[in-house]
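What follows is a pair of complexes built around subunit A, which joins subunit B in one and subunit C in the other.
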Partner chain A sequence: MFEARLLNGSLWKKIIESIKDVVEDANWECSGSGISLQGMDSSHVALVSLHLKSDAFDPYRCDRNISLGLSSTNLSKILKCSSNDDSVIIRTSEASDNVSFIFESSNSEKVSQFDLKLMNIDSEHLGIPDMEYDSIVKMPSNEFQRICRDLSLLGESVQIACTKDGVQFTSSGSIGSGKISLRPNITAENLDDTVNIELNEAVLLTFALRYLNFFTKATSLAPRVILSFKTEHPLVVEYQIQDIGYLKFYLAPKIEDDDTKQTTTPD
Partner chain B sequence: MSFVSIKSFFKPLAALDPPQPSASPDKVPVMESPSLELGASPILSGNVCKRSKELSADLPLLRGRKRKVRARLLESDSEEDIPDNTTDNVVDRKLARVRPEHKPDSKLLEAKFDNFRSPDTNKSMVASPISASVISSPKITPGLNGTFDKFEENSLKRLKISGTTVIPVTPTSPLIERELMDTCEQDIAIESPVPKTKCNPISKNTHTPEAKNSSPSISHPHIVSKSNYYPDQRDYHPVDSACWETKTPIPYLALARTFQAVESNSSRLRIQSILCNYLRSVLALSSPQELICSVYLTLNRLGPAWRGEELGVGEGVLIRALVQATGRSQKAIKDELYKVGDIGLVAESSRCTQRMMFKPSALTVEAVFSKLQEIARFTGCSSQQKKVEKISALLVACRDTETRYLIRGLSGKLRIRLQEQTVLTSLAHAVCLHEMERSGKCAKGEELKEKMDTAVQTLKSVYCELPDYERVIPALLEQGLEALPKFCCLTPGIPLKPMLAQPTKGLSEIFKRVDQAAISCEYKYDGERAQIHVIAPGKVRIFSRNQEDMTDKFPDVIDRLPRHLGNNVASCVLDSEVVARDTEKNQKLPFQVLTTRKRKGVSLEEIKVQVCVYAFDLLYLNGESLVHESFRRRSKIMRNSFKPVDGEFVFSEQKITSCTEDIQAFFEGSLKDQCEGLMIKTLDHNATYEISKRSFNWLKLKKDYLDGTGDTLDLVVVGAYQGTGKRTGNYGGFLLACYDPDSEEYQVICKTGTGFSDAQLEAQYNILKQHVIPIPKPYYSLGTCPAPDVWFDSNYVWEVKAADFSLSPIYPAAAGLADRERGISLRFPRFIRVREDKTPEDATTSEQIAHMYRSQQSVSGIITSTTGEDYY
Partner chain C sequence: MAAGYDSAESNYTDDECSTQGRDELISNQTNILGEFYKNHREEEYNRGHNLELFPESPDVTFKESCIVGIDEAGRGPVLGPMVYGICYCPVSKTDTLASLGFADSKELKPSKRDTLMQIMIQQSGMIGRGVEVLSPNYISNCMLARDKINLNVISHNTAIRMIRRLLERGVNISLVLLDTVGDAKSYEKKLNKEFEGKFKIEVHIKADSKFPIVGAASICAKVVRDWCLDNWVFKENVNFTSKLGSGYTGDPNTKAWLSGNLDKVFGYPNIVRFGWSTCRKKLEKAYQVEWEDEEDNDNPKIESFFGKGKVAKSHPFFTERFLENPK
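Take a look at the complex of A and B:
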């Protein structure tokens, strides 16, 4: 038996919308500690790691670890049937090949139940080691979204340079190029608006904007985004979901080659 | 699944291909750099020895540079107080590192590694712009680039650096190191990259081969041998030489290696034996299902033709998938495709510019086949995007040559010169050898050859009657070769290959061929071949010449069919031609009219083009296969078992004669009756419907094959299409135009791509490419024909022979002359020669073409009343 009720049902919607472009089918691992998900996109370039603590749910009951194979597209369809202030109960039993989503309106007047068939998805669970990053940038999540969106008008990839002076996003393509620099500011009035840079070593890495634009769909989940860089390593884009969990995206860097050079030189 | 370290997240998609190191240099970023004069390119291109040689070869150059540096330092007054040992040291150290030839390169690079890491060096370099110019160089490698910019920004404070300078020792970028490791690795045949312990302090990887394997899902001990599969080796042993074990899935790589071996051999016998070797291993180690998958992948098919499964993957989808999987830009891939012409090779040589989080597990034959079927099943909204996703998921899992064949397969052409007949032969050989091995018998020399030949004959004839591997292969494995014909025979509902006809040039040739045997002449109708299967009363299917299911196209035929069946016919297979007809005038209409019928979902009410079935052969009747019977008997049974109805279902016009005059008259009669000519069939001798013995038992006599009947025209070359496949690099097809002196226009009339020898094609390419113009001349009348890839100035006139003239909605030639709106085009135009004696203005005129069209129509008895008399 597994049951988890989340009062703020719209959170589910936001989470699914943020990951569904990256991970098509994934196993939702439910255990005593909470619900987590890990999955990669079909090209194995990006990885999503989500964890929601059991405290987030009330009640939360998980008799035995269970893995729910679900298609993100279908999940998104089902969750669109819920209203934003509904509470969402996820329920399944070990023997069942269905998982039920029960939406209860805030005044308990309307209850809707949708059953989704479970899928068999073979996926390997990857251990992601903790590591020390060369530089960690903490910034307003909407600012990051804006930067990725703006730069994707110009090119397919963004070069991110972190130095002690700030962080610089550069992109170029056939129509021209763009460069956005952010300086660390710790003095902003609102704590959420600050840009913090922890720098152990300067880094310069290139990433595909396509994926970053997928990731920034999670902007509504958290006011802040944490970008962790390490040379030759995947970028981590992390959104803290209140104090109940996190959503992390990993993105493998691009290797620049002749092609990108060609495209960066204007025709 | 535990994960070793994040290090193994990274694996370049396409590691350098060991067999063709020279083919990829321009794709290797490091090699591109003009500034890396020392050791850079060899690092990637060759093996260890080659590299060390090159390194040492560059030594004099280095020394020269060192002298120069010194000289410059001395000249510069302002720099005098700077200890010039900085640069000297750097250069000296470089020399020291380069010198020892015996050192393995990896160590060498490791030794270099500390160069930029040392903060002292950095600082001292900041102090000296000259030394900075020595070590830093613009854009060494993209990977390096990052490292460099970093240093420029942090330490060098963005010193202006001009020109390229020697930088023999670069801060060992992890990229270089990895590349190096890759090449080393290939020398010792280990897969997957060696983890970079040096630059990854947290790596927990050890340098054991198991740990190097980035894909945790495969940890078979024989992993190293996985990439070593040689189906073309001598003394091939189906079990020992295979790179997989019994009950484990066949790696797709084994099949890819087989394809590769097949592709690199031109002898058919050799190809047969290579494929046979692979199939023997499959027989010995794997399941029947895997054998079916292997055969389908080899034939690049998804299933039997009548199921009509199609991948529906165009070049656009493949390019998008490649973009997604490799991170290269679409433009770069297209440019390369234009040059190389084969998307498989482009994919194979595409180095990944996008790293991966994690290398997917190796592809298996079964998985690839089922993925292809999934791709074929995607339909409707956003199916293209889904296909791109699936393909790119397959692509990232590809290793080695797998990419080439996977992509080629997806693009529809495997292009390894593997015909179905060869596959059948190899399969028969493999089964034959496998059976002997299992029963412990052994045969040698003549006996073996005879056995194998019988096996081939049996399998081929069974396959011709029942072209469905999903039925033949399981039966073959369960019942054995000998008993196979008993279990697999002609079954209504499964289309068999049709008997084809060989073209002949004239009656004399026909008599030479049939040699006194009794013959039957039949009208050759200008329609569509249709194999009508009555599976049970009321259950009918119709198949095309290519075994495609056309049942939905002819509901009218099916509706009427019960009326034509004789009382005793419960099931049958009829061979026939479906011809469009004008019910009012009671005459046949040409093939083009038939093609205007809807292909799918035709309902009885909305049929505009009426058809008539001309039955000419019967292959199966009431549970009995007739393919082994003579044509005389089949024809007789057919004519006794069906009830013809005029204009709906009739037997083909037949004349049994051997008199030349009779045949000539019959031939002319056929033309008058809007037929294409005659089919000549022997009645008793060699007269069975056994395709496996002779697929061209029949002869055809068509009017355009007869000497002098086809019309030749002189047309102007105005455009060309880029060639693909064999014609890559040349033009593959040409756009031709006639001349209209009234409007002084060149009116496009047809495309042609036949009639050329390879040499002619190349010669034409070399001549015509000098006349390419960026946009068509304003006096080219183009209609709505597809634009060619290049346009030519009107310079050359070619003589072209065509079978027929037809009205065309897209070509503007002679528009308004024969038909109010439509122009005239040619059917089956083929190149004869270049008319050097003619100028473009001397080309065939529109008026002449209209005349030819009209005279053709009058021959066939169709009076085109719609021609605009009021027009002239």
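Take a look at the complex of A and C:
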């Protein structure tokens, strides 16, 4: 038997909308500690890692670890049938090939139940080691979204440079180029508006904007985004979901061939 | 020129013209089109280019007001060029023209067309003529370009170009008659706008069978079009088997040629109009091109950075029933 009720059901909607462009089919792994999901996009360039603690749910009951294979597209369709202030109960049993989604209106007057058929998904699971990052940037999530969106007007990829002076996003394409620089700013009135840079070592990395624009769909989940950089390693784009979990996106850096390097570094 | 004009005064009987025509045809086999093609042999015969062939205008066409006919041959076929013909003569000679037997080229036998072509050459002092050969390659390029130009627009522009060419020479035009391409009304409007009412323009359905001067233009076009197909020099260094046929997709010879000469790698030579759906369908049988997705090439896989993790067990519903996904 597995059952988890989330009072703020709209959170589910936001989570699914944030990940569905990246992972199509994924296993939702339910255990005593909570619900997690890991999945890659179809070209295996980006990875999503989601965890929601069991504390987030009331009640939360998980008799035995269970893996629920679901399609993000279908999940999104079902969740769109819920109202924003509905609570959402997810229920299934070991014997069943269904997962039930039960939406209950806040005044308990309306209850809807949708059953989704489970899929058997062979997913590769990657072990993500803890590592020391060269540079960690914490900034307003909507600011990061804006930067990615604006720069994708110019080019397909963004070059991100973190130095002690700040972080610089550059993109160029056939019509021209764009450069956005952010200085560390810790004096903003609102703590959420600050730009905070922890720097062990300066980094210069290039990423595909297409994926970053997928990731920033999660902006509504958290006011802040944490970007962790390490040379020749994937970027981590992390959204803390209140105090109940996290959604992390990993994106492999682009390898620049010698031609592009020559044009980007002045002689 | 003047001599030719004079001889037009004498009326031909049907018999005279066919005998004389045939004789000329035999002795001047190459001359018929040689006049059109004399500067376009061999290497210049590169069918990728359009040809504009306008023999000198008869002097009389500068002095007297002229009637002009324009018609085309080979709009529909999948093979070979589309040819536009233009003929013009003084309005006063319209009756002479009719008595010479000029009519819709489609209703005349090829031998009769050649004869009439011959007469036209003999009558160079009275009838002016010209053709524009639009190569199949040019038509393919127009129809498949990013900004596509459809065949109607190509046709309209060609007619406009040909009229302008006569104007530049100083031909005294009073009336232009054309066979319609697309809607007759809007075509007429377009032409009138282009030439600002300097002379009368009439677009008719089946103009080639109504007006001898348009019939003459259609003969010019048809003869040149047929000649092009019969004497096609393939730029491609390949021996193509069997007859081309008329080039129309309904022609069994053309069908056989298309089926028999498809190269799986290189497709068809330039004689084919690639914009035609017949051609596109045939080319589906050739090897398809796979374009490598460049975007993901320089993006390494995320797995290359992380080790394998612990794979969660499948849902018991599947494991208990030994359900597995195919490898």
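We adopt the following convention: the second predicted complex is superposed on the first by the 257 of 267 C-alpha atoms of A that agree within 3 Å, B and C clash if a C-alpha of one lies under 4 Å from a C-alpha of the other, contacts with A are read in each partner's own complex, and residues count from 1 in each chain.
One rule holds in what follows: a contact is a pair of C-beta atoms (placed from the backbone, for glycine too) under 8 Å apart; a residue touches a chain by one contact, two chains touch by 3 or more.
All values reported here derive from a predicted model rather than from experimental measurement.
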Checklist entry - Does the subunit A-based superposition show subunit B and subunit C clashing or fitting? => result clash
Checklist entry - What is the contact status of A:Ala161 with respect to subunit B (first) and subunit C (second): first, second, both, or neither? => result first
Next on the checklist: After the superposition on A, what does A:Leu116 contact: first (subunit B), second (subunit C), both or neither?
Outcome noted: neither
Next on the checklist: Contacts for A:Glu132 in the overlay, against subunit B (first) and subunit C (second): which applies, first, second, both or neither?
Outcome noted: first
Item to check | Partner chain in contact with A:Ile147 - subunit B first, subunit C second, else both or neither | outcome: neither
Next on the checklist: With both complexes superposed on chain A, which partner does A:Leu47 reach: first (subunit B), second (subunit C), both or neither?
Outcome noted: both
Item to check | Touched partner set for A:Ile90, first subunit B, second subunit C, both or neither | outcome: neither
Checklist entry - Where does A:Ile226 make contact in the superposed view: on subunit B (first), on subunit C (second), on both, or on neither? => result neither
Checklist entry - Touching A:Ile66 in the superposition: subunit B (first), subunit C (second), both, neither? => result second
Next on the checklist: Going by the contact rule set out at the top, does A:Leu204 touch subunit B (first), subunit C (second), both, or neither?
Outcome noted: first
Checklist outcome for this item: Residues on subunit A touched by both subunit B and subunit C 40, 43-47, 124-129, 156, 208, 233-234, 250, 252-257
Next on the checklist: Help me check something: in the complex, which residues belonging to subunit C touch subunit A?
Outcome noted: 295-296, 298-318, 323-325
Item to check | subunit B residues touching subunit A - in the complex, by the definition given at the top | outcome: 1-3, 5-6, 9-10, 12, 26-27, 29, 32, 139, 142-143, 145-147, 149-150, 153-154, 174-175, 196, 199-200, 202, 204, 216-217, 324-325, 327-329, 331-332, 351-360, 389-390, 392-393, 395-396
Item to check | Touch list for subunit A against partner subunit C, complex | outcome: 27, 29, 38, 40, 43-47, 65-69, 94-97, 118, 120-129, 156, 208, 210, 233-234, 250-257
Next on the checklist: If we count contacts the way the header does, which residues on subunit A are in touch with subunit B in the complex?
Outcome noted: 24, 40, 42-47, 124-129, 131-132, 156-157, 161, 163-164, 202-206, 208, 231-234, 250, 252-263
